[in-house]
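Multiple structures follow.
Look for subunit A in each of the two complexes below; its partner is subunit B in the first and subunit C in the second.
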Partner chain A sequence: MADTQQRAGGATSAARPAGPEVEEPRPRRTSTRSRERLLQIGFLVPAVVYMLLFFGYPVVQNALMGFQRYTTRTFVTGEAPWVGLDNYREVIGSSVFTKAAVNTVLFTVGSIAGQFVIGLAIALFFRKRFPLSGLLRSLLLLPWLIPLIAASAVWRWILDKDTGVLNQVLGGLGVTDANPGWLTSTSLALITVVAINIWIGIPFNTTILYGGLQDIPEELYEAAALDGATRWRAFRHVTWPLLRPVVTVVLVLGVVYTLKALDIILGLTQGGPANSTQTIATQSYNLSFQEFDFGQGAAAGNILIVVSLVFAVLYLRANRRALDE
Partner chain B sequence: MSLSTALPLPDTAPAQKKSGRRTAGARGPWGYTVAGIAILAVLLFPLYWMLNVSLQPSGSAAQTSWFPFSLSFEGYATAFSDQGANLMTSLVISVGSVVVSLLIAAPAAYALATFKVPGAGIVLFGILISQMIPGIVVANALYSAYNDLGLLNSIPGLILANSSAGIPFGILIMRSFMASIPPSLTEAARMDGAGPIRAFFSIILPISRNALITAGMFTFLFTWGDFLFALTLTTNADVRPITLGLYQYIGTYVSDWSTVMAAAVLSSVPAVVLLVLAQRYIAAGVTGGAVK
Partner chain C sequence: MAQRGAKNRTVGAAVLALTAPLALAACGGSDSDAAAGGGAGGEVTSLTVQDTFVTDPGATYYGELLDSCGQANGVTIERNSVPGGDIIARTLQQASSQTLPDILSIDNPDVGQLAAAGALAPLGELGVTAEGISQGVVDANTFEDELYGLQPTTQSLALFYNEDILTEAGIQPPTTWDELKTAAAALTEGNRYGIAFSAPPTYEGTWQFLPFMWSNGGDETDIATPETAEALQLWVDLLSSGSASESVLNWGQEDVNDQFIAGNAAMMINGPWQFPVLAENPEVKYQVVPLPAPEAGGTVVAPLGGATWTVPETGDDARKAKAAAVVQCVNSDENMVDNALTNSSVPTKAELGEQVVAQDERMQAFVDVVPDLRSRTAKLQDEWPTAATAIYTAVQTALTGGASPEEALQQAQNG
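Take a look at the complex of A and B:
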């Protein structure tokens, strides 16, 4: 990140017009050189245009929509009057919002903590070399590669209140006869959704952390062992400090992706029962695509972007400071 | 969905460091294998269950058997007749999005990796920032734009929207690979009078084959698994990807789980197939010394 920022800063000063007429005096060679420069820029143009249309435009458009009143009629008449901060006032003032905000935090923190701890444990396990370890590691990716909707479909069936296999097993073992409604009870649904999201994120965390572990030189562990370090001390003083950059990447990406997670919640509970699994992302979806209030939907989406950006900046800054010390 | 800026890359995976890896300790290597299989069994149980239920006759809802002893393909027959067209739609959109993503991302990755183009840093920074933008925000704005442009319920509309996962991802992956290609390779061609475009097509792309395959594969999976754009940018049944078909299955009251699970299995086939293919590329890349 630091590197990119520096390069971005350096590049702006170099952003002068590259047209052929600028360097006319030295004729032949410079004109082929600036022609070449134009060709080089041509390599980038399609990607830049695409990114501007499919990321730049939506962000700007959402920022504007957040201040406009959209109704179902807007798409016919094109009228979307400016309403100032009304959308934000209504979204934040609504009874669902507080619940959704708290759920977003719980969902994100719970998912990340679970994925990271279990992912790290499995990555450490696979650090050992044993028969079939490569095959097992690649099979581990499967839950994460299949469509989220397919995963939510099977979880819904496993967790079905009356006929799901989990309640069958629990009932059979005599743990509970009550048949808990894992996804249908207001007190359980959020925990269940977090647990399933942890299951989905484990492969990603394991794979990246495993890659980071592979980059730690073996000699360091040998030296630590010679000094009589226990396993825990070796982890604490060798593994953890050297793994830190990778941990930062995993956690920042994890939070950014989890904050905006939508598919899994829609697939499992659609935000219900009684908003108990509603997050800001699902609320934004509901406002726009269920109630056709795109203005309020945009406002909720913008809140999500701001939270995401603030988090990323704070975390990266805190982390850099910790590394500098 | 696009949970993946830093995936296991066939090209860059540090699998070649065999010498430095620890071998399993006192418990013996197979003890670890058994433990590893146990971990996998727990984590993959839901996928087993998906397959198991899909192979059982529907209607025997009271007690699902642990193994599909009374094998039945009824679920698959129904799933195919309901979702066959949706599977085709998903296939077309996914292939289209791979083509669009690679066409746009590969040249950009090359430019960012080797040319000192003004603004390259800004572009790269923009790509990283784009990962923070929620899909719902993109969908929110695209809906009205698509409505005006007549792109709702259209295959090109979904291909373009879904490339928003593949293009940034592809640029990041291919850029790091292309940056490792020694400049001497293209310089030789340039001496012979080849322009940057020729050099790109005849030298860079063939060498970057593995990176292209990785980027293409993951773009395919992102698009195949896409649910948000399918849900928001279609309003009728004209164009319906399999994920949306599956969602409608589970959205209504489900009585026939074997059909739903059969559809879920069918929708997971590309992931399984590509995982097997990726393994092959990892192995080929490592043994062939083509890595780095």
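Take a look at the complex of A and C:
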């Protein structure tokens, strides 16, 4: 327990390197040890500087911007008056926000649930070896490889209400002649966008979960089979418990990626029709880059960062627990 | 000893790793200094230009025009074209790092934003005037009574119709809103809609709605008025009668043009920048007429489009003076006519309109509206983006049946 905690401590444990055997020849130690320590710091500094410069600075700057009246003028004069919580009041008080917040939750939960369930099913399917399974598995990566903007243009074409392939096929099969407006009806657009986002997310989920499944030793299944546990029971008592750390990674990363998803929505609906696919991420984009109110845009972005942070903490805690077990 | 040597090497490597980014940063710094300060104090030999003409015919045309105007003023031109969607963000970055180009071309409604930010130099101080240019164009390029941009040509919206389809149906192109509704309904048949327009949740949707709103007496300073609601009701009627597709909610103007070319729409609301694409499809015979007015004999007030040329505030008077001279050359009378003919647009000097129509009669519908063209930003200046957002939001709400036009406009105005 203590041992694992120290390992999880990461940077702090660097001060006490590699355990007992190093400590034996004490007298000559001090100068060598401080050299070693300097060296360790020397190797740490680039990473720390990089983190501070490219992660710390933008996050702090964004946090500050949320409290400032930051407009186009600020870029020229550098003046950004402090306005306290005004930006947050404006963003949260705007009529779009409630809708955007609800949409963000529905979009994230719907996408993650779909991506994970389908991704897991496909990963389990590919555990069985069959002819062409390798080829099929690599073809599955396709949605991941297509640039999102290209993918969304194709989807818009497929889903067009009057001339789209999907409605033509549905009409031809006699399923419906009503030509549903997949991207233009306020009741369908969010569901459509979630479905397309699931399509995009399946390769990621499948790849990571498949990797996790490969790590589960085959003997365990053989032993379980001897005890009479096959199929569902084998999954419930062997696969699931051993896959759990990977599942946590997939879910938390998925949530963070999905919360901030922007290009897919902009490419498909631009937040419309009538804000029915507007999320906090698209609202932040609109405020900053369409209305040039960078302060309010940053405020909306910060709300997302805080939500993501909550999930990041949950992830770290879950990881810690998995190590403890 | 050997071990210590190895350690020294690793320390050395660590130090090298540390300092490498600094060295790189230093190189980057000196590089941009050279670009910004080139010719400072001394004679101006070259000017940097940033514009949004990334596609032809504009890309080639402006490249040649700028080179010849540079030559006439004794400078070479270093031109950089970026897509229209990126240019404001990029210019703001340049403003904060003091690497603004000497000449900047932007969409005219963005002048207010950049002028309010202090990123543009007032042209009056550089001896540039907008003599002879239509008042609407001057308004669009003016911020707080100072002229900031000189715009050679303008574009606007008109009604395009498929000649074959209208002749076959025996229908005259509509000139009033009532005629528009009747004609659109009569032309709707099978997979073909009577009319196509663009109403996405972007400024493009606002741009297409403005001629209806303004022609009916609506105003962007207060959109919750009966006049604007009537205009919005027209669009709602076109959709609910099935004369226009619900897909207008997601169509940009290019999509509208595609639908028109494919024969899925008998008429469309669009602009002359579609001429080159239409020309690639010679089997589609089309005509262009002014947009329908609310009542017979009414005036159509259409929004003024087109790119304008500005001189950013670089703080170097000699360079600004040269830049102003090049901008004036780009806006000379003969260049205006050439420009208009090459880029399917209308000269901003009304007196030059005839010369363009003489060579391209499709431009008549656009030349006619130039005196009445209205600037989007004249009244609200840098507050325009807020109003533009409210307008497209209301249009989307009303078109999806979320609220009546009156309520939708009121809600959108309240934010």
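Simple rule for what comes next: the second predicted complex is superposed on the first by the 252 of 325 C-alpha atoms of A that agree within 3 Å, B and C clash if a C-alpha of one lies under 4 Å from a C-alpha of the other, contacts with A are read in each partner's own complex, and residues count from 1 in each chain.
Here, contacts are C-beta pairs under 8 Å (C-beta built on N, C-alpha and C of every residue); 3 or more make two chains touch, one makes a residue touch a chain.
These figures come from a predicted structure and were not determined experimentally.
Peer 1: Have a look at where A:F75 lands relative to subunit B and subunit C in the superposition and call it first, second, both or neither.
Peer 2: After superposition on chain A, A:F75 lies in contact with both partners, subunit B and subunit C.
Peer 1: Which partner does A:A224 contact after superposing on A: first (subunit B), second (subunit C), both, neither?
Peer 2: neither
Peer 1: Thinking of the overlay built on chain A, is A:P46 touched by subunit B (first), by subunit C (second), by both, or by neither?
Peer 2: both
Peer 1: Considering only touches as defined above, state whether A:I149 meets subunit B (first), subunit C (second), both or neither.
Peer 2: In the superposition, A:I149 touches subunit B alone.
Peer 1: With both complexes overlaid on chain A, does A:E291 touch subunit B (first), subunit C (second), both or neither?
Peer 2: second
Peer 1: For A:F126, select first, second, both or neither according to whether it touches subunit B, subunit C, the two together, or no partner.
Peer 2: In the superposition, A:F126 touches subunit B alone.
Peer 1: Contacts for A:Q214 in the overlay, against subunit B (first) and subunit C (second): which applies, first, second, both or neither?
Peer 2: first
Peer 1: After the superposition on A, what does A:S94 contact: first (subunit B), second (subunit C), both or neither?
Peer 2: After superposing on A, A:S94 lies in contact with subunit C but is clear of subunit B.
Peer 1: Compare subunit B and subunit C by how many residues of subunit A each one touches, and report the one with more.
Peer 2: Higher number of touched subunit A residues: B.
Peer 1: Where does A:T163 make contact in the superposed view: on subunit B (first), on subunit C (second), on both, or on neither?
Peer 2: Touch partners of A:T163: subunit B and subunit C.
Peer 1: In the superposed arrangement, what residues of subunit A touch both subunit B and subunit C?
Peer 2: Touching subunit B and subunit C on subunit A: residues 39, 43, 46, 75, 156, 163, 289.
Peer 1: Which part of subunit B faces subunit A closely enough to touch in the complex?
Peer 2: 1-8, 13-15, 17, 20-25, 29-33, 35-37, 39-40, 43-44, 46-47, 49-50, 53, 61-64, 103-105, 107-108, 110-112, 115, 117-128, 130-145, 147, 160-161, 163-164, 167-168, 171, 195-197, 200, 221, 224-225, 227-228, 231-232, 242-243, 246-247, 249-250, 254, 257, 260-261, 263-265, 267-268, 271-272, 274-275, 278-279
Peer 1: Considering the complex alone, what residue numbers of subunit A touch subunit B?
Peer 2: Touch residues, subunit A against subunit B: 1, 4-12, 14-16, 18, 36-37, 39-41, 43-44, 46-48, 50-51, 54-59, 61-62, 65, 75, 122, 125-134, 136, 138-158, 163, 165, 168, 199, 201-202, 204, 207-208, 211, 214-215, 217-218, 221, 249, 253, 256-257, 259-260, 262-263, 266-267, 281, 284-285, 288-289, 294, 297-298, 301-302, 304-305, 308-309, 312.
Peer 1: Taking the touch rule as given, give the residues of subunit A at its contact with subunit C in the complex, in rising order.
Peer 2: Residues 35, 38-39, 42-43, 45-46, 49, 71-78, 94-95, 156, 160-163, 181, 183-186, 269-276, 286, 289-292 of subunit A touch subunit C in their complex.
Peer 1: Which bits of subunit C are touching subunit A when the two form their complex?
Peer 2: Its residues touching subunit A are 7, 10-11, 14-15, 17-18, 21, 88-89, 92-93, 95-96, 113-114, 116-119, 191, 193, 200-203, 245-247, 249-250, 262, 264, 313, 382, 385-386, 389, 393, 396-397, 399-400, 402, 411, 414-415.
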